[in-house]
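In the two complexes that follow, chain A is the common piece, with chain B as its partner first and chain C second.
So, the complex of A and B:
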């Protein structure tokens, strides 16, 4: 194994650094406390959503309902959590639990997650429209304060990224239960033989995804100040791309929480970079895709070299 | 020095001071940069809007009134994309952002960031509710009332009306319809005998009107929302009925039909809608705010009205498949601002 193959975190870090350098070159104003915050604060909810997606990909599934789910969490946050905090908290808790149940059902009935989550995306979207038929609501004051806090030394976005990465790294990569969870994605049968209840582990993974999805919705409302039933629909694809960009793989068990956070930030930065380049919007989506393919190609080349050596 | 001379010179002084002020309002913004943040470019109205912005913006830059007037459109029509775009525009150091918003509320956080960074935000068409931004809104209810007022002036005896509505559940549809019903309450010689949804599209309207016509008594007038007048006329023709007085909505096919009817039978009506050129109004309002002018936060856009007299001019300047447009000048913006004060 070469150095690069062993440390799969290197490539995401290098991608982000290169893109960041290019952005600073194009837009020197971004190279400040204020600039970094503007550049990255909207990446915080995306990073949380990416972590949620990572929990699902970790157990060898994929979640196509995440964008709608985050939108729903945002709608609940902007309405119930603001008007009646206890009720709001209960609803959010129920959302997390329903995700855990979903995970158990998918495993017990051996349903394909891709179909179940696609179907659930309409359910989440429908409930969101029911709660907030027209855009509105308000962010709870404490949440707004939290998302606009100005910590010393580094802007909120950077501090939040470090905290999210550290907490999830400890949970997934260092703790015993995290190792078992990754094992479910890698080889569910051997985990079951070792005496673990796979259905509970799947429920736990989905529940964690639900938790981070809810956090993403809350963070988004804290930034946007109000919600919209369609506010986060883009997050489904962004979160999948973020996981892969951050060194995760669809084969299950191979994920990197730190990489996922970096992947989310890289995607956000790529969009800003293209905008600074004054690229026509018709080309921007294509260019974003090209950046993604470029990074994945680089990864493939490094891995092949690694296996040759 | 006589009294009259003194007065004259005082007036002259005042005049030159006024001129100097007007001049300074031009040059004060010479180094200011304005950006357009747009969330969607996929229909003829938005295309016309962007084109107007390009033309007026390029002219303003050439005249040295502003340093830049750049247009940015998000790659997807999503509030999260546009929020990021607004934050990028702040970073790029624009002095003002003119905004056609994807959501009235979901961009408030980004708009607040802009305000806090000292950037002027002017929203139009798709407006935002954040109090620190300016809003150039459209009084759609007034548009509905005006249609009925016009019918009352043409048909003092009243009669039955057919209402064609827009896309169900959209704010604009509710507002125009509300205005129409308010108008009918005032002019109670009219009665709305039927109402269909035409989705602002000629083909949908034609089908909907053709479906309801057999059940209707004589109809003297059709109140519409734009994009539906031509389809309604075709449906009446196919049913073998007399063409009623149809209020039109500035689309090229409607105007063309109107001109043909006028030449053939002397048909007379009114056409009104919102001009995509409202983007140029927003540009000038932003320039005025940058120049230090006191501007109320809520402004109202005038409609673009086409009457029998200026039909030919409007038709000549509207390309096929497009919408009649008008560009607003600095003076128009100043007029709108002083009206709102």
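So, the complex of A and C:
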């Protein structure tokens, strides 16, 4: 085993550092408290959504409804949570619970998660459109304050990233239950043999995904001040890319919360970087894909070298 | 020891387990008390794994009872099992794998006690193991993983291991480490623990077991203290009592030139039926798959394939479940009948109709969906698919799984007829009766050929002898 294969966090860190250095080179003014906050502001909800996706990928499933779900959470936040906080909170709680139920159903009926979540994405999208037929709503004042807070030394986005990474690292990598959850992805049969109820564990993983999805929607409204039923549709693919970019694997329960947060930040930065390069917006999505392919290729090469050694 | 301590940890009374019409375990009475080391032996499908799953609580008996000392579950009674196929989570570290089966590890700093516990267990069983409790399991070698799994089985895990089931624990360990394990098993039993030891290495069984239980066809056929068994007696007990040599068709036919030869030493001549035997999972299927892949191209299907494959796992790599019987048969011969890339519908129907009558597929219309057939008839379709092609070599990976006796006889006859016409068959089977149909048999053990038997040598006894390691575990 090589050093890189053993410490899978290194490649995401290096990717982010290289991209950051290139951005600062192109646009030195970004190297400031204000500049960093502008660069990474919108990365916070994406990081939360990536963590949510990671919970699902951790148990060997994939969630294609996450973008629609985050949009729905955003719509609820901008309407109910603002107008009637108690009712809004209850709705958000119900959303988290419904995710847990979804996980249990997927496991109990042995349904492919990719199909179920694809179907659910239309359900979430429909409800969101029902709540907020046209863009609008308003962010609750406290949420707005929270997302625009100016902590000393480092901008909000960076502080939030550190907090998200630390909390999820403790939860998934260090705690006992997190270890068992990762075990479900690694070898569900042996976890079941040890006397655990896999259906409850899956419900827990999905419930956590629902929780972080809701948090992502709230964070997004706090930044954007209003919501729209389609506000976060691209989060589905961004979150999957973020997990993989951060050193996670599609199967086998190999995930890294810190890596996922870094992956989300890398993706956000890649978009800004391309703007600084004065690339026409028509090409940006393609170029973003190219960056993704580049990083994944690098990882594959390092892995192959590692297995040869 | 007083009476209470000698009370059995687990006792099975007339326990049976059926899977549909298959009687995997057919009324077994067995009890294991502290200090016992039970050697469990038997051939493929004798019911060993079903018995293990009843004892560890993985399965409930269809009839009869399974009782534990504490009256509670297998887990509470301290029954642990170490399985042959590795059941660790490869993405977790050694210590984290202990946490999976040790829910008493709690608190913010559970890692330190976990590391200590697994380290201690490894040190006791395998002194000088050199395994880091912080290493991720997928960075360990197969042998190291097996050692970790055994160590987790014997680790206290909050209570105490009282009965440990070891299913082929030494299959991937080298001799020195295996000896450490055997020594530990003896120590463990001497201090009041119990072990059920399953192994194909006769030497090991004789070395550790205090009592040997022989299973055959889901029944206990012999249960005696180890001293009362001889090696030969044990093999005889495992085999069929009725020495049926009714149909070995000793007519030594003349075979053509050699058409198959692999690095492993597997050979076959034109017109020959070659059997692959030995205990399940000892490399037979892998050998056949390698042979097939080396003779066929992944890129283009030729007009005249060299080899065809009959899959044993119908659901996984056999039937195309959405297609009709006709399509399922003709898929192997489409390139031959095709004209300018278009399927010759009439030819296709002719071939399907032809094989329906020749092989006796029980359906009124070959356009019916394949899933309307019973398992045995689905398998016949797969045979038809293979035999309809012009390939001179047919590879069969345990094709008779779940096929009824009548169908089996039909297929045997079919295979003999095709072999007489110059086709070569390579046939892996877990059932000795089928292997006895072959002209020549290779017995596999530990992914190597351990014996080659021909003609009158092909008897169940000889095959058993070659499948089990007879030498002393040195």
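We take it that the second predicted complex is superposed on the first by the 309 of 309 C-alpha atoms of A that agree within 3 Å, B and C clash if a C-alpha of one lies under 4 Å from a C-alpha of the other, contacts with A are read in each partner's own complex, and residues count from 1 in each chain.
We adopt the following convention: contacts are C-beta pairs under 8 Å (C-beta built on N, C-alpha and C of every residue); 3 or more make two chains touch, one makes a residue touch a chain.
The model shown is predicted, which means the values in this text are computed figures rather than measured ones.
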> Mind checking chain B and chain C on superposed chain A, clash or fit?
Replying inline: fit
> Which holds for A:141: it touches chain B only (first), chain C only (second), both, or neither?
Replying inline: neither
> So, A:194: does it touch chain B (first), chain C (second), both, or neither?
Replying inline: second
> In the superposed arrangement, does A:38 touch chain B (first), chain C (second), both or neither?
Replying inline: first
> Who wins on chain A residues touched, chain B or chain C?
Replying inline: B
> So, A:234: does it touch chain B (first), chain C (second), both, or neither?
Replying inline: first
> Regarding the shared-chain residue A:152, is it in contact with chain B (first), chain C (second), both, or neither?
Replying inline: neither
>> Can you report the least C-alpha distance between chain B and chain C in the superposed arrangement, rounded to whole Å?
In response: 35
> Which of the residues in chain A end up touching chain B in this complex?
Replying inline: 27, 29-30, 34-35, 38-39, 41-42, 134-137, 220, 222-228, 230-235, 268, 271-272, 275-276, 278, 281-282, 284-285, 288
>> Please output the residues of chain C touching chain A within their complex, sorted ascending.
In response: 58, 75, 81, 87-92, 96-97, 99-101, 103, 105-106, 110-111, 139
>> Touching residues of chain A toward chain C in the complex: what are they?
In response: 1, 6, 174, 176, 179-180, 182-183, 185-187, 189-191, 193-196, 252-254
> Which residues of chain B touch chain A in the complex?
Replying inline: 41, 70, 72-76, 78-81, 83-85, 87-88, 90-93, 103-110, 112-113, 117, 129-130, 171
